[in-house]
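Sharing a structure with you now.
Letters A, B, C and D mark the chains in the order given here, with residues in each chain numbered from 1 onward.
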Amino acid sequence: MIPVYAQHVDGSEPGAHTGQVTAYALKTAGASGSLVNHSERRLSLADIESSVRALQQQKLVAVVCSNNETTSAGAAALGPDYVAIEPPELIGSGVSVSKANPEIIKKSVAAVHAVSQKVKVLTGAGIQSGECVRIAIDLGTDGVLLASSVVKAPEPAAVLRDLVSKL
Amino acid sequence: MIPVYAQHVDGSEPGAHTGQVTAYALKTAGASGSLVNHSERRLSLADIESSVRALQQQKLVAVVCSNNETTSAGAAALGPDYVAIEPPELIGSGVSVSKANPEIIKKSVAAVHAVSQKVKVLTGAGIQSGECVRIAIDLGTDGVLLASSVVKAPEPAAVLRDLVSKL
Amino acid sequence: MIPVYAQHVDGSEPGAHTGQVTAYALKTAGASGSLVNHSERRLSLADIESSVRALQQQKLVAVVCSNNETTSAGAAALGPDYVAIEPPELIGSGVSVSKANPEIIKKSVAAVHAVSQKVKVLTGAGIQSGECVRIAIDLGTDGVLLASSVVKAPEPAAVLRDLVSKL
Amino acid sequence: MIPVYAQHVDGSEPGAHTGQVTAYALKTAGASGSLVNHSERRLSLADIESSVRALQQQKLVAVVCSNNETTSAGAAALGPDYVAIEPPELIGSGVSVSKANPEIIKKSVAAVHAVSQKVKVLTGAGIQSGECVRIAIDLGTDGVLLASSVVKAPEPAAVLRDLVSKL
């Protein structure tokens, strides 16, 4: 079964929180985890923390998105499973962060691991080929986060196959 | 001269950011620093980081507020001068965090220093007397953050004097 | 079939809007409409308008929540199907707006209809019995909006039956 | 004396609202009024209304910004002194709304006046010359709202003089 992650989760308990997405609702719907603080759905520091806690209580995987090296360290301090570093200027750009800005990946991996060795790092923004993935892994990250290069591709399956071709 | 801190600062550069408070404006107005992410003015993780950077570029002191031990660590990872831990349920309550929840102070000091030895910790929420301040200092914090117990006191000067009486 | 309404909808088109709930997604899931701007999920004026537009494009019913007489008129000007007036201090209070503040209902109905005769008005906040519903209808509203009095009742079905008993 | 308007105001009373800008503070600082809900500082419907109320209590002029014809009507229903219609795609663009989209101005004036004859309309976005101002006035608006064409001009005074040259 392919694990499905939500795009967003709120940290609130079930209750008077109309219009919010609880971790319990995700669990019930069969999700494996959730993104938290995606660049298109930024949260306050307190809300990121409560979302991570809520996911953990439901044994769901927490992937906190961040925009640079420093916020990656801040996100890591909250103890999620993954921090996904995505420089906003490269998201959906077709320019891969692993080629355009390998330095930010290396520094983010170091910054995250300085705070916690347990938190894994994903590289996002502009990832589009097996070569991008290879570079990201070689720079010390544990995987990639992507959407547009697959979703908007004429042949998504071909892109997916290429993405894993250099592992 | 009594140093004055702003209640909030935005991380934006001077430019098309109508209604925002820049660090440059604070500097020009004579501020010594600013609170960032007060419980009544929560910011996204990315905005807290850009506010801290903007303050540092203007050589202003950055005090990032946090609500628990974990977010204190997250705030510390952003490299501000101070993290001010304020459990929201005690803010303005007249119940001092240093008496009601000394454990959260100790843990927050430890969590902040695990991330960075350079970041100093302030204790906030319900601080109202010299005894509260003494306890906060003894628990490892470098100072306190308070408002209502002085501002709303019949004799603010007397409260201020008492606050420093046990140092 | 019982019509189901969503608790929130974003006005964005399908696309790069991670973590947002589109009207198209609601339509696909079988919803009949959505609340917009619930007191627990306040939106900007621009976002309320785009949410109403997005619902209308999907032929879904738009129910915009408001907090007083004046914002009810503002909401009505956006052309939703319904404006649901809910004084925040009474939401979930067990004190019915129709008994505690009938004047706000009358004034809101008048304010809404001064802007548009087509927009219908719902009364919310503290509605818990057939008597509350009767009063709300008699004051000129077209229905009620409620949650806690049913959801948290020991016997929800009994409450539901009572709610419609005086029509 | 040149009247000065604030870029933003919060609707809160003086009190525990750290980091907010009260109407009372604006009054004390000598402001004549404030923008509310500028495109770079969007507010919830409830907050726009409380900001307008707070300004009125201090006898300050309330200018609510809006982004299209429908939200202009919504803003007008809140009873401010002015509604300033600024299509976001033209703000700071150097392309004048009065030339690029005169229809939106005419429709917004009509929509605002259908809700309230007392609310005056300002035209914003891309206004840069006396001719733009002339067109805006001829289309039924009471004035213009602008920033970049003056603030970023090599000779702001010359632009200001030109702006009023066709009245």
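Everything below uses one rule, namely that contacts are C-beta pairs under 8 Å (C-beta built on N, C-alpha and C of every residue); 3 or more make two chains touch, one makes a residue touch a chain.
What you see is a predicted model, and the numbers here were worked out from it, not measured in a lab.
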Least hop count linking subunit A to subunit C through chains in contact: 1
Remotest chain, subunit A as reference, centres from CA atoms: D
Subunit A and subunit B: spacing of chain centres that average the CA atoms, whole Å: 30
CA centroid of subunit A to CA centroid of subunit D, Å: 39
Whole-Å separation of chain centres (CA-atom averages), subunit B against subunit D: 35
Numbers and ranges of subunit C residues touching at least 2 other chains: none
Overall pattern in which the protein chains touch one another (line/ring/star/complete/other): ring
Which chain pairs touch, all of them: A-B, A-C, B-D, C-D
Subunit A residues touching subunit B - in the complex, by the definition given at the top: 37, 42-49, 66-68, 70-71, 73-79, 111, 115
Residues of subunit D that touch subunit B when the two form their complex: 7-8, 16-20, 35, 38-41, 91-92, 147-148
